[in-house]
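Please read the structure below before turning to the comments.
A, B, C and D label the chains in the order they appear, each numbered from 1.
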Amino acid sequence: MITAAVHEREHYLNASYGIKSWLLTKDHKRIALLYLGTITLFFFLGGAFATLIRIELLTPTGGLVTSETYNKLFTMHGVAMIFFFLIPSIPATLGNFFLPIMIGARDLAFPRINLLSWYLLVVGGLFALFAMLAGGVDTGWTFYTPYSTTYSNSYVIATALGIFIAGFSSILTGLNFIVTVHRMRAPGMTWFRMPLFVWANYATSLIQVLGTPVVAVTIVLLFCERVFHIGIFDPALGGDPVLFQHLFWFYSHPAVYIMILPAMGVISELISAFSRKPVFGYKFIAFSSLAIAVLGFLVWGHHLFVSGQSLYAGLVFSFLSYFVAVPSAIKVFNWTATLYKGSISYATPMLYAFGFIGLFTIGGLTGLFVASLGIDVHVTDTYFVVAHFHYIMVGGTIMAYLGGMHYYWPKMTGRMYPEGWAKLSALVIFLGFNLTFFPQFLLGYLGMPRRYHVYPDEFQVLHVLSTAGASVLAVGYLMPMIYFVWSLRFGQMATANPWGATGLEWKTASPPPVHNFDEAPVVTHEAYDYSTVIQEVIEVG
Amino acid sequence: MANHVHAETLELREQFNTAEQQKDASTLGMWIFLITEVMFFGGMFAAYTVYRRAYPEVFAVASSSLNAVLGAINTGVLLFSSFTMVMAVRAGQLGQRNMIILFLILTLFFGGVFLGVKAIEWTEKFEEHHIPGQAAFHLEGLAPDQQGHAQLFFSLYFAMTGLHALHMVVGVGLLSFLIWQAKKGTYSTTYFTPVDVGGLYWHFVDIIWIFLFPLLYLIDRHLGK
Amino acid sequence: MSEHIDSTKTYVAVLLTLLALTGITTAVAYVDLGPFSVVVALVIAVCKMLLVALFFMHIRHSNQLTKLVVLGGLLWLGILLVLTLSDFITRGWTGVPGK
Amino acid sequence: MGSIPLFPEQASTIAPEVDHLLYFLLAVATFFTLLIFGAIFYFAVRYRRRSENELPHVVHGGMTLEILWTVIPFGLTMVMFTWGAAIFFNQSRPPDDAIQIYAVGKQWMWKLEHLEGQREINELHIPLGRAVRLTMTSEDVIHSFFVPAFRTKQDVVPGRYTTTWFKPTKPGKYHLFCAEYCGTKHSGMIGWIYVLEPQDYQIWLSGGASEGSLAENGQKLFTQLACDNCHKPDNKGRCPTLVNLFGSTVDLTGGGSVKADEAYIRESILSPQAKIVKGYDPVMPTFQGLVTEDQVLQLVEYVKSLGPKPGAAPAPGTKAPAAKRSAPGPAPANQ
């Protein structure tokens, strides 16, 4: 029940009021919420594009929208989802909010730079929105030259600028996290006492810092080529369009790990908290995050197997690609083993975690298919690849993101979400997701190319199934949106540690005070030490 | 309950516990930023390597059309500016406020000279029709089918020196800020991190030029003369 | 961090060395060294980079982490260059156009 | 539901090889999916939380397990790599006896040209049981030649040649798709591959209104562009002879050598200064903008027809010369 005492306590949400106190805040927790609002907007924007795409594909003849519009839809779906939702998703919201708290810091190392990163994302997002509203962009989110530089008549420049600016948001977030983890840990918080979520975000930050600049400069060159007609990649001058693909994928493949690594971090937290056990093989999971970050930079050429890249480069990149599979497998096995002899709760976040492991397993295993040269020649640029990366990015990242949202919602807002609805939404999303994307594996192997507006009749049944699934999925995604907002006002008040979880974030009040802790924390235990927590749970009742 | 939050000052912002922690964090932050800059220029170096390997003769001819004397002078100017910059940092370490200001102004001056020389070079390029993407582009000494490859060289030349110059302009802004702050007496022996960190940036821009100079200006000069 | 304050003499010496290397690299470009031209140019550039980084940027006195960051950055630049070139160098090895 | 296709037709020699690898991968994937799903399900039920203050025993990890589930997946992936690479090697290297066909992609159509001179648009007729080698280029953006029934795909890149090949094993009509997004009507850049019985193919070949073979057209163009002013049948011209050039190794000015393949000949026509044959002056003008990609293909085919017959060993010591000429003022090419 709501008590007066709870109301009076000062925390980061009620410490100050007014629009300025938010737009000029240096508090990482408030900035996390600003990010949350921004990326939610882009998620539903991208989702709206996806809905139109799926409706269009109900019929093979392309009757709903023109080819031009369709091409813009899938491009803008990709741009909105990848650059303005998935890449900032977990690091900028949950990471921003919890990384400092988890290591016992009062804030990130550079709070003003943190706020700047949010503004950069907003400005980049406005450029992209302008491009979308002014008429759209039709190059595909990959911007392959020479189509993007010479042939497209759409708003390539505004979109590219938007992505360029958002890239700096990502770089600065990464930089901030790395410095914070190195320099801001509380006394006693050694590297191997850090929660795995911190490890995962640290690894992610490395990628953001090392990879993003390359795509930034690639976009600059693309920009110059389109505006000033200087031809860095122009075949008419002897330039090589495949070079663009190399530079683009040098970032954009590791970018996949920017999306999935923080998700893996969330899952480690959830699996441990809801089995009440330390994560099995803590160090293996920690190091596998770093291994993924590093190895992820050695494999980009597997996007170029049929591009005209040399045979030998193809062999090298395929070989290296399989090395990334191993740390991912290690994580899945360790999570599963954590359940063994645990005390497993079926709370909503755990259901999302189960969903994540299942979908990520399928997404990861199909990754082995596309890394194999012989199969990739057939399935690349088909719906097989579309299904594969949606299993990773939607089935993986978004499941973990929602799982994390439910898990941390009480801490962030001080309110509980409605458990029954939440369980239902987890189930609906899992089923809807599989119905949407599993048929796409079949479509892909059958030979349905991606980015096709009209398609041969024989593919229709599978497309209809996929669209049916998408409508279920859409309902699934709208549900949390609604009940989260509802809970802000009507949700039950949350205690400091509603899950009986470990970690400094659960030792401070819900919502946390402005400076995160009332008393400077000192860490004396390993991560995931449940013996002391259970005592508290029993006492609180 | 002991409140662990202290009042915010320039040398000890509220998120940090000690001034040393803050200085370490700032320095590390700048180094990581410089690594992102390495990768940023790295993309262009990769493109440069690919095309120079593909069209070595054209690159040699195109490179020889650049003004090596001005390039060398500019390298020297930039090295001098790095020297004055490090002297400014040294003055910061010693707490000599006037020396900080003097050396920063000298650095600013050399930076300005570099940009001036750069502007002269670019103007020459315009007059010689060595601007890629223009119909009038023509590089003497090359066959018609090599003009495209020469344009690639000049595209890279302008992209690389242009982005380098942009970094110089940012650096000039940074120096102006530091001079202003130094005049206000912000810096002392205990707090001159901005000078230190600004210096790192300035030296980094110098290092980029150290590579740009031989790679763009000095390809097989012996062929031409 | 205990401050190391280098002497002005050190900095002047480094500056003079850098200027001398600039002169050498310019002069050497006019000498026909065949494929070694580019090697010499890059070796000199790397030496200059090391001088600036070690002395002007104080890496000599920096902690291990800073050194690690710098080495890591250079390693990643190497990855970008080497793996990109792994395609361009091996093109045409099979004798089948486009493979 | 019986009418839903779940598996693509196998119509080339590569297709069953790819599918076998797929079966292996499917088996591995199914095994691990069931293993993980099964374990999660079993643990979730077996170790469900029975009371709120339950504290399970701590299990920190096990080195043996970690090693096992590192090494076994790694071993499996190496099998996948090797197997996939072997198929790819095969897919990348056309057999010597393959029929040569040329393809040019442009927004949004496929132009296919047979050596005999037949030209097709968005259709390709090929004989059953003969390997077909496609040399492809694009006039504008990147396209990709994709035939699902053959399990083959290759991007078609402007400014250079790429190659793919297949050997059809089943007569029929198969989809041809453009698989690399190429603009507004990307999904309309589709066509059909007709695999004909050899005798039907012969009938088809003779039935088409041929305007002369590719090589013949190339020869006409060669004269028309006055290439023959310099490239004489012997080495007495100002330029190297083109006889027996194709497939030989050419020594270049400034050291190095190059194999005279389609890509080299194309480059020599469009960018003659790029590689100069040893002993000759760089006097040939470029034909960039004067000839279309189709015409370049005809010239390439003509030069090939002057080369050693397929299968015959190149004459020893053929120091083969590239297409270089010096006569100024080439006749404007018809567009």
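Assume a contact is a pair of C-beta atoms (placed from the backbone, for glycine too) under 8 Å apart; a residue touches a chain by one contact, two chains touch by 3 or more.
Model, not experiment: these values are computed from the prediction.
Chains that count as touching both chain B and chain D, per the definition above, are A, C. The chain with its C-alpha centre at the largest distance from the centre of chain B is D. Central chain (C-alpha centroid nearest the global protein C-alpha centroid): A. If you tally contacting C-beta pairs for each pair of chains, A-D comes out on top.
As a whole-number value, the distance joining the C-alpha centres of chain C and chain D reads 40 Å. Here the CA centre of chain A is 36 Å from the CA centre of chain D.
Residue positions 92, 154, 157, 160, 162, 271 of chain D are each in touch with at least two other chains.
In chain C, the positions touching at least two other chains are 65, 72-73, 76, 80, 84, 88, 92, 94, 96, 98-99.
For chain B, residues touching at least two other chains, in rising order: 24, 28, 32, 35, 38-39, 42-43, 46, 50, 54-55. Looking at the complex, you find that chain B touches chain D at residues 55, 57, 142-146. Of all the residues in chain C, the ones that touch chain A in their complex are 65, 72-73, 76, 79-80, 83-84, 86-88, 90-94, 96, 98-99. Within the complex formed with chain B, the residues of chain A that make contact are 105-111, 113, 171, 175-176, 178-179, 182-184, 209-214, 216-218, 220-221, 224-225, 228-232, 236-240, 243, 246-247, 250, 515, 517-520. Those residues of chain A whose C-beta lies close enough to touch chain D in the complex are 62, 67-68, 71, 138, 140, 142, 144, 146-147, 150-152, 235-236, 238-242, 275-278, 280-284, 305-308, 311, 314-315, 318-319, 322, 325-326, 329-330, 332-334, 336-337, 339-346, 354, 357-358, 361-362, 365-366, 368-369, 371-378, 380-382, 442, 445-447, 449-456, 458, 461-462, 500, 530-531, 534, 537-538. Across the complex, chain A meets chain C through its residues 182, 210, 214, 240, 242-243, 246-247, 250, 297-298, 300-301, 304, 308-313, 316-317.
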